[in-house]
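Contents: one structure, followed by commentary.
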């Protein structure tokens, strides 16, 4: 329809998982139309993938796309960057400097230096920068955040967050699996393996929901699988400003865990528990009362969750809808920005600063672990 | 994109729940473009809703839409009918007789007479008829079906199926809630209340997964809420051809249940358990072995589930993706039909015959209950 | 200790399951001392079993035990009857007529005629008769009952109760398993198989918690396993006095179910859900509010549960403690009876009338099923 | 019965929780008879409590009891010590040196110095010393241990263990609750609060199941409640000999947690997950296969669990049965010891060395935390 945002995509060719996710997420609420792509670092692959998707305009590389689209009257208004991590910065820079809004996969970059440069590039641009820490799009994560803000659990004391997987329990990177190859290659993924890939998600959602700021951490990272170049398991103790404490566990070698992102927050007046794999449920215990099971759009949910929810309680929304919420929030922000209007109330999405915080977290984990698990400030 | 199927919609205006669901479902896999609508029985409402959606062509009523679209070269190829039940037949007829494929909400019709007429209209048409018994689109429902077919639980002996809600525990239909009004009005919803609205879903998924055919039933229907004109709770005992037995419970007055559709099947060699609210899990017990938790796209799932699954295990897909699977299956069938090719392997969706079976089931329940719960053949 | 009740036991020899359960249950709260036994219908087996248990007095048969113990100054005050069902009546009679209190396993008897005679024998005796429908001893079943009585779920509308097992999915009775043999032999177990063995438990707990009285039922019983002489699966629809409706399912051929007794009750103001396999949890939904998880001895539990609970919340009590509660309630009643004091407040246990109701239920199920599932009054 | 072990008890008067637990645990399998007690440090209270229990012999203090019972021909063979922690050592010493077997509550002692002395006292005695780290008595904890030993999860890589409660979320120790007073008083409980009370349980079960030995740890302990003198929350990172890593969390300020002891173990070939609050279930994931739910006495359980299990699967055993297993194992060891026979195969219970390991763990946590969370060797 006419008021869809014209969207381009960098990365996300045929054999990439996350590109397809971004495309579905952009479609669900009908706010975007994908019209251009540089879908692979190999021009030929980009072309084949673009044709398969029926894209009107396919480019050899992202720079070409940025230059040419910026010149078109009907050029893309926003771009999704869904490449391996080390390409995020150079790609984002090209679009930001041409005023094209950027929706970028996480982690922000593969190095802290790049992350800082990207913050500068973003600050220097009028365009918006949206980071798809997609789990913040889940309605019940927002419900939890809202309840913390409203004081329903009192002062936060303890944060337990974890993200466990099992798919890298064996050396898949030496068996030809592309997803495993780049995610375990420090040059492409960064110095953190599990830490960067999923630990940042855990860290991000914990900060998103609690509003806490990290002060220092101590990390013990391991590569349990022989020959692995980056960590596949990370244990981290957290100290937040103001005195709250936390533990963060990320693992890709925990058999029986698929995408077990789980957040538990305990305060002076209550507790909250949420798990990504069953995202429509939020457990809330007011201290001294029975545990309550709050369901998405069910009794006890407020506006923060309701405005990013589509269907009645008991009809599960999932990962793609949570991801779509980031896109839809971004669309609202883009449209407001374009029209010079204030951003609609409640719109929230992860920013370049959240991305910097994530890369800083990974950097601190790696530094701490190299120093034998010593405490380091962030 | 150019190869999207041009879609129209009957019903589904601003204040309808299910219309929005159909629209999202049609978009998720990018196989349809909604281009026309008669979104309300009130022309003015149809127009307002159509404009809000940015529809290129909005009509006053479905007949007008059928006639005009059939004449256009770029007219709709398929239509979604998402009205109250009593409109399904008259609307579908108009499109079927003009060769426009129909994707129709359930139950098929509000009366058995209409259902039979609709079967005839469908049989007489070259167009496809797809009924959105959307729960059959869930990957793990298909996994279960596949396992039954493959003999993994042996001969089916016992089927326990239920669909419980609580939203009609009070007389909302007398408090101005539109959704409650038509769903409790026999003229619009049919003779069955909970039976028609959700009992048919339960019945359909049980038959879909087990492949069993119902022989007879005994039903005890109640309207527990004062002044309610249709049943809000139904207890049904089932006898299937071949000797399997079942129980079906549907209720809209069961506090604590949102959309608790739950299917359990027990055979001579094993058991299967699945619940719509946690749809990514399927419990399988091979007789004499520990219970196993099969997850969507996880270890132990086969092609039947995998081909309608989009993302890795542990990333939940939900109601909208299950619904989208019906649309995407329909798209595959429509494209095959248009090109004269055989339908791609594995494509399956509920048909007009399934719809007739559902209305027959409701009719039998109502007949049995009126005869004091006597056994009646179907 | 000196104030323990002197207890005898009929049945419960070496190879019986339930005898050991009764013995542990009688010990947990230190209210009984087992001092005599007629542990088998075979005198030699009785002697061997009695010696293994270190019993002071072992008898050849129950009649001998009743006669001799009644004559002793330090004779047994109470007797546990844990034989196959057909022995319950003749054994109980001998003790009741000698003023010895009877604690009897369920179902009350194997025939309705015997049940009626046992009621008479009990009525004619000054001794107490306690039936070990042990699930009524679970604290959270009592919590549920208390909440129904207090109106917390309003008028009960719907009762869903089930007891599913899988251990008889194959013809074990033809493979030498003693437990399976007598439980599938109509002469010893009665006309109902699953119905009598576990259906009565389901029926009893439903009535215990809701306080409802059954009016009529329609039952469809099956023996799915070849050559089985009694039902191994029962589907029953229930109509209670006052208009509440229910469904009861019992099965011994449902793979994946061990002792899945589950009770769900829905009223005009709320719902309650409880499962025997996770007995320390009670789900309560006040209509229009989030579901709450009440835990044994945790926030929200009252005296009815607290007085039969031993340890803090989060430390699970199980089947044996629930069983012990029946024994301990019986001890309180026996002591009060002996001293001419009123029974302590809150003491409750299943009686001979509950037992008659259970046998009546089984009889009605069998009658209905024989009449092709017709409705029969009870 | 004649072959019951004569048991005494130190501590466990009227208002103590754990004394009652020990008494029930000692009774469940009929292996002990409680005949003597010094139930309180206040002689008058000891007498009152002893009379309430009907104890034949009540003493003013434990020393008196040890001396006099040792002289009797029918004196106690074993003693249960269930006092606050600081009394464990002096009390145990008196019995050990007189050859009376000791069953002692955990943690072993309140100080590391005492722990070492107690080890010496135990080593110097012919009597057995049994520590009631009761969670090791749960059948499924033993099943898990057995599976690790049998290599079913390969080399252990990651251990996640936690024990969370919420009962000390407010300063109950200043509101007159005796249980809270001594457990937060360093003089009676030791330097560790949550760490000593429940952290030791978590540490013990992790080592019991995995067989791993701790090498070093880093701990961050907090007292979140104002005025609390010992930690109420502990975060600990663990490094085991051989390279496995772990995290341990213990908390008494986590609202919504009652006795949430939870153990998760991940190895190169599979994973295991177990929770104390639902102790009859053990989740096992063989790498690359669906997760399996193994139930106590159900399919897939072996002898290690079966021999400490009493009733069929689906009938839950709980905390008291797990506790009883420690007592029953101790009885088997005592009887074997008395008769000069080898201990029966499979008998296992926590020893004084396990107790020393626990106190060493607490000491290391406190040392690490005082040194700002530095890594310390144990």
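Note that the chains take the letters A, B, C and D in the order they are written out, and that residue 1 is the start of every chain.
Going forward, a residue touches a chain if its C-beta (ideal position, glycine included) is under 8 Å from a C-beta of that chain, and two chains touch if they have at least 3 such contacts.
Remember, predicted model here, so these are calculated numbers, not experimental data.
Asker: Need the most distant chain from subunit B, centre defined as the mean of C-alpha atoms.
Answerer: Farthest by centroid: D.
Asker: What is the distance in Å between the mean C-alpha positions of subunit B and subunit D?
Answerer: Distance between chain centres: 55 Å.
Asker: Whole-Å distance, subunit A centre to subunit D centre, using C-alpha means?
Answerer: 43
Asker: As a quick test, compute the distance in whole Å between the mean CA positions of subunit A and subunit B.
Answerer: Each chain's C-alpha centroid was found; their separation is 35 Å.
Asker: By residue number and range, which residues of subunit B touch two or more other chains?
Answerer: If we look for residues of subunit B contacting two or more partner chains, we find 257, 284, 291, 295, 298.
Asker: Given which chains touch which, is the overall layout a line, a ring, a star, complete, or other?
Answerer: Basically all the chains touch each other, so complete.
Asker: Residues of subunit C touching subunit A in their complex?
Answerer: 284, 288-295, 298-300
Asker: Which residues of subunit A touch subunit B in their complex?
Answerer: Subunit A residues touching subunit B: 1-3, 17, 20-21, 23-24, 27-30, 53-55, 165, 257-260, 276-280, 295, 298, 310-321.
Asker: Subunit A touches which residues of subunit D in the complex?
Answerer: These residues of subunit D touch subunit A: 153, 157-158, 160, 162, 166, 169-170, 218, 220, 222, 224, 233, 235, 237, 239, 243, 245-247, 249, 251, 253-257, 264, 266-271, 273, 283-287, 291, 372-375.
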